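Worksheet: one structure, shown below.
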Amino acid sequence: MGTGPVHEELAALELVDHHCHGVTTGPLDRPGFESLLTDGESWPGVSSFDTPAGVAVRRHCAPLLDLDRHAPADTYLARRAALGPEEVNRRFLTAARTGVFCVDTGFAPLPLTPPAALARAGGGTALEIVRLESVAESVAERGVDAGGYADAFRAAALDAVRRPGVVGVKSVAAYRTGFDLDPARPSDADVTRAARQWLARGGRLDQPVLIRHLLWTAVDLGLPLQLHTGFGDHDIRLHRADPAHLTDWLHLIAGTIPVLLLHCWPYQRQAAYLAAVFEQVYLDVGLTLHHVGPVRARTVLEEALEITPFRKLLYSSDAYGVSEFYALGALAFRRGLGDLLQDRVDADELSLPDALRVARWAGADNARRVYRLPDGH
Amino acid sequence: MGTGPVHEELAALELVDHHCHGVTTGPLDRPGFESLLTDGESWPGVSSFDTPAGVAVRRHCAPLLDLDRHAPADTYLARRAALGPEEVNRRFLTAARTGVFCVDTGFAPLPLTPPAALARAGGGTALEIVRLESVAESVAERGVDAGGYADAFRAAALDAVRRPGVVGVKSVAAYRTGFDLDPARPSDADVTRAARQWLARGGRLDQPVLIRHLLWTAVDLGLPLQLHTGFGDHDIRLHRADPAHLTDWLHLIAGTIPVLLLHCWPYQRQAAYLAAVFEQVYLDVGLTLHHVGPVRARTVLEEALEITPFRKLLYSSDAYGVSEFYALGALAFRRGLGDLLQDRVDADELSLPDALRVARWAGADNARRVYRLPDGH
Amino acid sequence: MGTGPVHEELAALELVDHHCHGVTTGPLDRPGFESLLTDGESWPGVSSFDTPAGVAVRRHCAPLLDLDRHAPADTYLARRAALGPEEVNRRFLTAARTGVFCVDTGFAPLPLTPPAALARAGGGTALEIVRLESVAESVAERGVDAGGYADAFRAAALDAVRRPGVVGVKSVAAYRTGFDLDPARPSDADVTRAARQWLARGGRLDQPVLIRHLLWTAVDLGLPLQLHTGFGDHDIRLHRADPAHLTDWLHLIAGTIPVLLLHCWPYQRQAAYLAAVFEQVYLDVGLTLHHVGPVRARTVLEEALEITPFRKLLYSSDAYGVSEFYALGALAFRRGLGDLLQDRVDADELSLPDALRVARWAGADNARRVYRLPDGH
């Protein structure tokens, strides 16, 4: 890691991780760990350790388990098992030096730590992000008729966001339909008709009219809205997750809620454009950071920042499942942003006070401002 | 700024800025300046100075106003006001060391310097680019019936391009419809029908058939056609401004007029592809240069040049409103291209004579060739 | 070229070039050479030598013809003519140090060396890739009725792939229709109807239903399928050659054949995403390597490798026509990958044994595995 005053500022700063998930607390065998290491399944003959993320884990996480750098995968997993999940999670979560964890609690195919336990292990505070598709699917599971869906969903969403500690909502529309949607708020009749189809069929919410309705319900809720954009697992159609497709909708909702574009890669420049021209748009490059690893995080951040106003970049790890990703995401962010800013200071392209300010903004203050975090956080 | 023979060549070279606008001559308060500094509006709590362009202004423009590098925004604006617009514009325009200014006169929501005054302040020569949408809208404002629209537009465009000093035309189809258009020349009947709709409704020209007709009228005019591509203000739907969508049309017009793709970011590689495979296609990365600032201009130029024939890259500032952008655009271009070429010379990947030739071509000679500029220019 | 153990490993490694074409054996005048140097036509006043590829030829290929680095184009071509095609081809092909050439024999508007002669000149072994569009067009030329097309095409394809030395098939669907196709296997009735249209019209195969049928026939053949993606000559609609459009089809064919995404630029990140989330997807950045030249090959490789599992990157030159591209592709690959990996080793981000393994995998072993190359190869 480079050194200099900007790096020191970022090292001392408690991050606000505005989008993350819980971690598993049970034991993980090699296939189980490899599956979480990649954003999908593990394949025979193609180890997840043989990826940029896998190399980064062996390089940067092994020493946190008292192993040599670049420890072999089996050695790594044996040591991980010997220490036990609680100690492993404590080490990686505290290594992230994160003051606030905003946890998306709506995706848990595996049992995951609840936000409070996560924050306790990491020495920080937990806040919650409500995933709206999960709310809608719970409404459907509890039973509702098509004509009552809109009201029931809105009521359930309001209940969910009024719980203590909830600071925002999230949509995975990128996975369900992509962003190439009619931007207009659907009529009540259209919602009822679409609900009739979906409720008859069941399954996850991927009906385009209902996804539009969900996004507009987010506007009514009034809280910041996180949107998954860009890459994820193989459920994504990447070109339909290009956030540029949101432009018409962003025009329609101008003056309402903040919209936070998550991940963005490989469309970080498209996201930067939106953040530069829409007052309500923010972005991060979470998820990307641990998948590309510390070696490439700077390049992705450089592209994300080419035209982005410095008030618009946030930090997230988007860590999920394995606590390594908390440590790696924070490391990649601190090093990538630190190197980028310090080099500009060293080249006299940016003043040091400005660089320190940008570092604090991106690492914590922008999130505090957007989510109106109370002082205690 | 790096140093070396390529940098010296570019420092001595009088640029041809093949696409720019006028500058304001009146006083600018902080909101007025901030609004021009970003490509849109200024927002409460998110200063336009806290952007890559804002940092670049404080770093590189402040010294030209006799201030320290990285001067605070208020200090900068106070000094700017004290010197007065005329002196400020003279300083930044002469700092750009530009021999020829090709001025797009068709966009002036604010009062702007006419080309002659701009060139006088910058110590260069003014030429003019006619914006075809403005010509069409003037025809509509003067009154025309749908059946006479095509002839009236063509006659008005011919009148406009026959004015002394006009060397090209421009279209902002990217803003109005995007490029995902039927590439064929529309029939007379289609044009009349579309004109009937548009003339009844009024407002700016954004009727797809009429935009196609405009592009084909440009072909008939026979002058080089500039096309805004890629990013701009929030009127753009970025993905529809990807110049790759022009491919079918470029096939149809092969052998007619030169087409100059302006700005291009973040699609500079797509633009480079078109410049590599179509004889008539050229590109620049104007606008981008001052928005990303001198720190990132090299990267954008590197991508733009990955496969672009060296005869195909031009320089433009796309400066508009504030004269800082003339100075910044020229600085970012000279430094970015100079560093890129000099490093290749230093690594023995490019001979020095070749590097000097490429620098002169991109900075001036390619534009002179495409626009057939007389020797005096 | 950088130096270090990774560079030495790559220098000693005999590459597997999993996708290339033959070279011309006749004399080439300047227009003929310039036309092959660019991926299209040569234009008056815009020499193909004034491109990144042209500069790379003068820099890196001239010395292999006993000329000074950066030799002028005319000097270069005179020396090339004096040595004669056989000697020139021998020099460049052996400079590529390629052990296995997988030759696409389906595109030969010019007379080209057959695979065996190519491999002999290069000191390696020849294998063959069958281009399926050429098979389909041969079936049409020999005469078939619409109802018999599907069976005749399948039989001809089976005959073609059963020839000795055939290890894979290829489709240029990117050129013919792009990838924005209905992903489902077309019905027999649809194929017959489409064949009726195409056979009546003749010409190259660009009927969307038949292209889909061709891709599904490739699945039935069971061999690895190469897909041209991203840039090529001006027949491409670049945005429709974005491999992300293949996602739905890749879901449908999961568990069947390996799919190798060729070239990819400027969509190397999109290709990397597919390689990261689909077990059967692989990629290379062939063609790109010699067009961007050794100076930029590293950047393209860095982007291609941001999230790609190390088992998924292959080497190809995609050399065609002039043997310079064999030498340049191999040089750009060895240097780009060598610099990238060695710098990570030097920064202690990657262990040396891991780096050497990744180099061997990408340069040869991944291809040996995917194509199940016999030990002799």
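Chains here go by letter, A, B and C, matching the order in which they are written, and residues are numbered from 1 within each.
We take it that a residue touches a chain if its C-beta (ideal position, glycine included) is under 8 Å from a C-beta of that chain, and two chains touch if they have at least 3 such contacts.
Here's who's who by UniProt: A, B, C = Amidohydrolase.
It should be emphasised that the depicted structure is a prediction, and the values quoted were computed from it without experimental measurement.
Rotating chain B by 120 degrees superposes its CA atoms on those of chain C, with the angle stated to the nearest 5. Where the sister copies chain A and chain C meet, the same residue numbers recur on both sides for under half of the interface positions. The centroid of the Cα atoms in chain A and the matching centroid in chain C are 37 Å apart. For chain C, no residue reaches two or more other chains under the stated contact definition. The touching residues of chain B, when paired with chain C in their complex, are 242, 244-245, 247-248, 251, 269-270, 273, 276-279, 302, 305-312, 344, 347-351, 354, 358, 369.
The touching residues of chain C, when paired with chain B in their complex, are 38-41, 43, 45-46, 48, 50-53, 55-56, 59, 69-70, 231, 233-234, 236-239, 265-266, 291-296, 299-300.
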